[in-house]
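Here the structure is laid out as structure tokens; the discussion comes afterwards.
Chain IDs A, B, C and D follow the sequence of writing; residue 1 opens each chain.
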Amino acid sequence: MTDSPRTDSPGPNAPGARSPERRSLLIEEAALDDWLRDGMCVALGGLATACHAMIAVRHMVRRGLRDLTVVGSAVGGLDVDLLVGAGCVKKVICPYVGAEALASIGPFYRAAAERGLIEVWECDEGQYYAGLQAAGQMLPFMPTRGGVGTSYPEVNPDLRLFTDPVNGETLVAVPAIEPDVALLHAAQADVYGNVQFVGTGYADRLLWRAAHRTLVQVEKVVSNEEIRRSPERTALLAHGVLRAPYGAHPFSSPGFYLEDRAHIGELVEAGRAFARRGDRDPFERYLDRYVRKPADHVAYLEAVGLRRLLALGEY
Amino acid sequence: MASASAPPALDAPPSTKELMAAFLARDMADGEEIFVGTNLPVVRAGALLAHLHHGPSMRVMVAHTRTNLHHTPVMEYFELLTDWRAARWAEAYFNDSEIVTYQKSRRDSVFFVGALQVDPFGNSNLIGLGTDQRRLALRGPGAIATTTNAAHVRRFYLFVNEHSPRVFVPRCDFVSTVGWAQGGADARRRLGLPGGGPRYCVTPLAVMDFEESSRRMRLHSVHPGVTVDEVRARTGFPLLVPDHVPVTPAPTAEELAILRRRVDPQGLLRR
Amino acid sequence: MTDSPRTDSPGPNAPGARSPERRSLLIEEAALDDWLRDGMCVALGGLATACHAMIAVRHMVRRGLRDLTVVGSAVGGLDVDLLVGAGCVKKVICPYVGAEALASIGPFYRAAAERGLIEVWECDEGQYYAGLQAAGQMLPFMPTRGGVGTSYPEVNPDLRLFTDPVNGETLVAVPAIEPDVALLHAAQADVYGNVQFVGTGYADRLLWRAAHRTLVQVEKVVSNEEIRRSPERTALLAHGVLRAPYGAHPFSSPGFYLEDRAHIGELVEAGRAFARRGDRDPFERYLDRYVRKPADHVAYLEAVGLRRLLALGEY
Amino acid sequence: MASASAPPALDAPPSTKELMAAFLARDMADGEEIFVGTNLPVVRAGALLAHLHHGPSMRVMVAHTRTNLHHTPVMEYFELLTDWRAARWAEAYFNDSEIVTYQKSRRDSVFFVGALQVDPFGNSNLIGLGTDQRRLALRGPGAIATTTNAAHVRRFYLFVNEHSPRVFVPRCDFVSTVGWAQGGADARRRLGLPGGGPRYCVTPLAVMDFEESSRRMRLHSVHPGVTVDEVRARTGFPLLVPDHVPVTPAPTAEELAILRRRVDPQGLLRR
């Protein structure tokens, strides 16, 4: 994760090929295979119980990807837990994995971490964001004060105490966190990758800045003219756009739907059955029903049921 | 969302949680920045009570928005950090990464830190229990932003829901948030931490502070019906105890009315 | 400028005094005296020929403030040049002072710098922003790569080469740039300090983050309800708000008016008369007419003339 | 704003500035990020010509906005960096501090660097002339963002309006922007600079590049009517000169038509 900065270009329209018109960045769900590979460092956007890129997450589980380094959001959700439960994850980089009141800690994550099955890159949010800042700024590290006097430099040897060259203070040096790809979920984008959120977009912009490439699921694909109507809302420029109505389900999508607590409860109970009793059956049933059997996102939504989806009311 | 149960009567005696909320509220000053956290009803109620009772110019941070609720009749309870319905009150949005990174904008902020373990100097642990980080006996929820925030904010409060020797330990297995480090009046300055450090540690039994010269934990007040000996027995290290330990003052009728009518009509503090 | 972080609070509503209602942060022009003192480090917002807080700038000239350290904007404008010409400035911290095609470099600034009358804290924009970032993050320094291999560490000893503690790369350490006060000009705010821009607001948000206190001039003071209609536009929380229609004149104010090229030309010519011929008379006449004689901002606008102001058309 | 003069006829021969703009345009690839600078009409025209001629997916940065102008019939000329009227084209805004700080978002960016002085390795100076920074004989405009941008962007172009021994010097009084440092194929890598460095130096007389192993400046082409000896004489250090030096190719009719009808109907490149 501390690769030196790259000078090759994975830009939205990698130079070279000529095209008579502006290129569309819209991808089909099946093309996710071109984005995701075993062993990658994958950043997952959103926060806690909101706005995780669940089409991409379920795709990784469906394909049985392995050895992923997952950069969860600063308050990582059960998107991370699902990937850990499915055995896709080697290492987790984020300060928290859970769903607050719905699950104070992700059950698969806790079990795997306690058993040493995954590596946890221990950090708090300040350190986590410092590492992403370093990557976005093409710097090898970023200083931060949070962590001085704590156990963090012991439990995470990547966090090094150093003496600042200006005032001589002791600070923590956080190495760059550089995801290969950031997987985000947003309100809308045009086919050229102009992404707009409803609300703050959490730290998705920083994940975009830090990552090599960014794929954004959107509730709606809108016209370029619609984007130009409110350019101040454009938060980032994606490298790929995936049409994804209800694509954050079972998590919430600001302005569109609230979290599906019943579905999240189903997932949490499956995790707890495994973590507490070693019983993996409920999770396997969950995976069969919601991940393996549905061939694509719309089939997943059908498995969830339209009645349920439409009940995840707006305000 | 709002509970269907009727709001508690105003003349019912205060619950311990209401008492704790009122204690916290009185310690917060007008103009300060407060975080209305999720999943911590007492902390939420304390912050909002301060705002409504004596803090009309407080900056109220709720679910990635900043607002002022001084004239909002009844506070809706948002259980989840990302509940975007709270944006209906927003004067501004704030970005999760910016709020943690740009600490100077939070010089007036007060903050709350939970813990699996707390030591005699108010250092605390959310990482987990055990000796080897790679094989924790119990993985904690993690520090979230408490490490960085507690290093910088004006002051913070330790808040734990269990007062026992499991929580109050001579030495934390891991320290995720610095309180008064190894002790001494200038303990934090020596580490270069600009924030004011922990002022109080609030539990269901008592309130503790930190003695000024040693920065060791000291009993500040006991909640009604709790004895000093009980607190001592349930604290896993020697607590400094002054000759006279007052009882944590009860909320006034005005405070109770605000709590029960506007802040917590759902009655979360009475469960 | 590398003070250690402060823990005292200059917050918008400094705790202590009780108030039955939310406090207004609106100030009168005369109250600028409470904000500005000899020897201060003063940051000036806007960029190039736009959005400088000219009421505050003219106030400093009128009061004859001395020994200011001026943190100009990243592309500093003739706001800085005016202060230098009037003898208010000891040190300038910014990568540029001028007005692009209207004056490739500020004439007073050039003359004073070449004669050693002011200290120039030599930097490029990357270093400048790194120093402000450090202040906003309460860190003693911020690393940057821009400047490695250049003369900057020689011409500005505050910019120190150091070896990064993670990868061992050579980087530049920029000390925190911490203004005592940031003086900004924006589109609108409510009396509680919620400031909204038209357009990007340049780097004003970063100046706000870095500075101890922030005073914002606004074209319009609007209701709190108006602010709440578009909270996503609220960019910063000022410590003081000054009602300032045409308050950026002679510079532009996005969405309100364009720059007054004739007036800027008058100022530039006065500067050139001094810089080239040592003739200070045109500048003294300028100061008499536009700074010393007008007792306040409205009197200044009257000196400029309503006909001129209303001709600075919108698009 | 738009000039009142009639656009130049399409059959008039190209001016030197038009030639320079066309050279720059051909070197820019589709998908790259280009800055439509102010106060540099040739650079502006080169970037926009590339966009309209063969770069429909370029990212066009103009006056703190990002846009795409592929279908915009005629480009308005904005003289000032802060001209907010350019926002009428915006797909996004960009913040001045973010664009300089977050260099990773600009991996596809190409950039232009002006100079008071340029040395044989393409290092350049915008700080000023003299020996003592505190008493410069001539204070330059300053590096603006060129130091940091040139360290990071995909590649950059040195662009000077005067080709003379005053500008092309054996050693710059100060270096504000690194080109190929002390020379050698890996000169920039040794300094840890991730960007691709200067590809061409474009002047009113000629185009220079940098020989691959030494990274010394080499004559690439001379503009029509200019001799190699003339360029040598007006360069203050020995220039590498290959056996055959081509003439900088003239714009095609298509390129000229785009330049004169859509990019520069004001005729700034013909003054």
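Basically, a residue touches a chain if its C-beta (ideal position, glycine included) is under 8 Å from a C-beta of that chain, and two chains touch if they have at least 3 such contacts.
The structure displayed is predicted, hence computed values, not measured ones.
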{"item": "Given chain C and chain D, the chains that contact each of them", "value": "A"}
{"item": "B-C or A-B - the one linked by more C-beta pairs in contact", "value": "A-B"}
{"item": "Computed distance of Cα centres, chain B from chain A, in Å", "value": "30"}
{"item": "Rounded Å distance, chain A centre to chain C centre (Cα mean)", "value": "39"}
{"item": "Interchain centroid distance [CA atoms averaged], chain B/chain D, Å", "value": "57"}
{"item": "Touching two or more other chains - residues of chain B", "value": "87, 93, 101, 103, 152, 194"}
{"item": "Chain C, residues touching no fewer than two other chains", "value": "4, 137-138, 144-145, 169, 171, 199, 232"}
{"item": "Chain pairs that touch, as defined at the top of this document", "value": "A-B, A-C, A-D, B-C, C-D"}
{"item": "Residues of chain C defined as touching chain D within the complex", "value": "46-51, 74-75, 95-98, 100-102, 104-105, 109-110, 113-116, 119-120, 122, 124-127, 129-130, 132-133, 144-152, 154-156, 169-171, 198-203, 205-206, 252, 254-255, 258-259, 315"}
{"item": "Complex interface listing, chain A residues touching chain C", "value": "2, 4, 137-145, 160, 162, 164-167, 169, 171, 173, 175, 199, 232-233"}
{"item": "Residues of chain C that touch chain B when the two form their complex", "value": "4-23, 135-138, 190, 192, 194, 208-210, 224, 227-228, 231-232, 234, 237"}
{"item": "Complex contacts: residues of chain D adjacent to chain C", "value": "38-39, 64, 79-85, 87-88, 93-97, 100-101, 103, 125, 127, 133-149, 151-152, 174-178, 181, 191-194"}
{"item": "In the complex, chain B residues that touch chain C", "value": "29-33, 54, 56-59, 65-66, 68, 70, 87, 89-93, 101-105, 107-108, 152, 154, 194-196"}
